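Heads up, the next two complexes both have subunit A, just with different partners, subunit B and then subunit C.
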Partner chain A sequence: MNSRVVEMQNKYAEYAISLIAQGIMDDQFNRVQNMQDNSNPNFLSEILSSYLGDMPKLIHSLALDLQQQYVDFVKLDKTIHNIKGSSSSIGAICVLNACNAFVACCKEQDIEGCFKCWEQTSNAFALVKLKLEALLILEQQIRAAGGIVPKPVGY
Partner chain B sequence: MAENFEIHVLAVDDSLVDRKVIERLLKISSCKVTVVESGKRALQLLGLDEEKGSIEYTGLKVHLIITDYSMPEVTGFDLLKKIKESSTFKEVPVVIMSSENIVTRIDRCLELGAKDYIVKPVKLSDVKRIKEFIMSTGDFDEAKEIGICNPSSLQVKGLSSPKSFPSAAPSPCIINPLRLSFSCSSPKCACRSRHLRFRSRSLEYPSELSLP
Partner chain C sequence: MATTKKFMALVVDDDSVNRAINLKYLTRNGFETEVAKNGQEAVEYFQMGYKFDLVLMDMEMPIMDGFQATMEIRALGVKSLIIGMSSTASQVKIQEFVSAGLDDFYPKPMNMAKLIAIIRRLED
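The block that comes next holds the complex of A and B.
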């Protein structure tokens, strides 16, 4: 077995585990990784790309909504709910947590609090984006070298 | 026959990420999947969209409908209601998915006839459990598989009472071998067009009819 491929696979596995250890992703991310198999080898990159592609628009629209003269908290809540849902589905726990705090500020109609929450949500997403893109690059490298992407054990 | 039988699931979710997840989980569980992005689209596929009427009916055969609760315009709850009000699809099990674990919401859905309420994120174990439940309770059968009308919607001239029809799950329209005329009130049933076809030809109804 190509030792370079083995090295990359180990790096990938360690990186994926570290995301969970750092509280950026959670157990759901392990389950999502396991949804990929030989018949659907691109599932992970597809779903993560969908997530990473969709969220910026939503986060941006939150910023615009918060800057309106009369903030529509119902609309805000709906958008946060969307971000929360997708983040929960892929296991991006840090974004999910930021969203929960955001929902609470919305309920209070606390605009200042909402601004802070927006920043936290935006930062959490930026972190997730950075980490997942790095992971996907590692995945590409493994494939390019003819290896298979490791999956978490026991899922 | 049941062993080769694939459960066909209609999945409804307005979130792209969630659609990908539920589709994948269902396929891993060996289900045939149709995924749509709105309650309105689901109603159209089922032929339950009032605006479009029966023209758009695709003859979709489903054994399970799994839908997100929070969707714009037509919510999962609205969809559940329309399905339970429909004579064609009211027996099809409906499962609600939601990221919110709200007891009153769960109760409402179950009271309206939802078979289950899953709190997201949906896991493979959830899908497997639902599939097993459907297979074990025999909630699917050939009649629903071919999307045939409910016999209680049949108006048969010459027969004294509808009690002679099975009152359980919908079964295929039965062409009476004694050539009594009939008309099925469900516009979606294959029997209706067949009836019209034979009427214009003034031929005997075949005593055994194979349905499409």
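The block that comes next holds the complex of A and C.
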């Protein structure tokens, strides 16, 4: 096999493992990667692109809601719930953890706490976005070189 | 593939990522599938006479949520296996959701262990 492709595949596998080791993603991400197969070879990029495309609007809407004169904590909670759902489905554990803290602040109706949690959620998502976009670039490079994207180790 | 039988499933979720993942799990394991983006669309499937062995019902959705949709589907006399799913940790909300007419509830996300448990119930 083309040694360049092998090198890229190894880089991809190591990078994917590092996302979990760093606590950015969790094992659910491995399961999502493992779903990619010949019947849908673009499954991972489609799912991640959908997630990365939807989240900024939701995070922005949280910011707008927090800036209202009278904060609607029920509305905030619903939006956080949406972010939690998607994040847990793709294994973005750092975003999920930030959302759990946010839910707690909403429950307390702690506006100052909510602002801090919003910042943490926003930063967590920014990190996930950066890392997943880099992974998708590696995936594109492997395919362009005629290689197959490796499955996660142990799957 | 976890089953050789041909089951029909309806995935009800307003989130495209969750829908895609649930659909992938189901189709990979031999299910025929349809999709509803909210509870109202789900109810309409049954009102039009569609039959499903399994409904994966999200809890919080716009237009009509999972609680309302489950109650309305049961009111139509539907006996399909309805499994609620949500990322909520509120035991009160989960219990209310179950009381609306669910057969069971699983926290999100879907995985093979949960799907196998669901298939076993369908095969019984």
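To be clear about the criterion, the second predicted complex is superposed on the first by the 155 of 155 C-alpha atoms of A that agree within 3 Å, B and C clash if a C-alpha of one lies under 4 Å from a C-alpha of the other, contacts with A are read in each partner's own complex, and residues count from 1 in each chain.
Just so it is clear, a residue touches a chain if its C-beta (ideal position, glycine included) is under 8 Å from a C-beta of that chain, and two chains touch if they have at least 3 such contacts.
Just so it is clear, the structure is predicted and the values come from calculations on it, not from any experiment.
A.B. asks: Let's test your reading of the overlay: on subunit A, do subunit B and subunit C clash or fit side by side?
C.D. replies: clash
A.B. asks: For A:K129, select first, second, both or neither according to whether it touches subunit B, subunit C, the two together, or no partner.
C.D. replies: It touches nothing on subunit B or subunit C.
A.B. asks: Taking the superposition on A as described, I'd like to know which of subunit B and subunit C A:K75 touches: first, second, both or neither.
C.D. replies: Touch partners of A:K75: none, neither subunit B nor subunit C.
A.B. asks: Is A:V32 touching the first partner subunit B, the second partner subunit C, both, or neither of them?
C.D. replies: In the superposed model, A:V32 contacts both subunit B and subunit C.
A.B. asks: With the two structures laid over each other on chain A, which partner does A:Y51 touch: subunit B (first), subunit C (second), both, or neither?
C.D. replies: Both partners.
A.B. asks: Could you look at A:R143 and tell me whether it touches subunit B, subunit C, both or neither (first, second, both, neither)?
C.D. replies: Touch partners of A:R143: none, neither subunit B nor subunit C.
A.B. asks: Per the definitions at the top, what is the overlap between the subunit A residues touching subunit B and those touching subunit C?
C.D. replies: Residues 28, 31-32, 35, 37, 40, 43, 46-47, 50-51, 54, 81-82, 84-86, 88-91, which sit in both footprints.
A.B. asks: With touch defined as at the start, can you tell me which subunit A residues reach subunit C in the complex?
C.D. replies: 28, 31-32, 35, 37, 40, 43, 46-47, 50-51, 54, 78, 81-82, 84-86, 88-91, 100, 103
A.B. asks: Would you pull the subunit B residues touching subunit A in the complex into a rising list?
C.D. replies: 15-18, 20-21, 24-25, 27-28, 70, 99, 120-124
A.B. asks: Hey, which residues of subunit C end up touching subunit A in the complex?
C.D. replies: Residues of subunit C touching subunit A: 14-18, 20-21, 24-25, 28, 58, 60, 86-89, 108-112.
A.B. asks: Subunit B touches which residues of subunit A in the complex?
C.D. replies: Contact set of subunit A toward subunit B: 28, 31-32, 35, 37, 40, 43, 46-47, 50-51, 54, 81-82, 84-86, 88-91.
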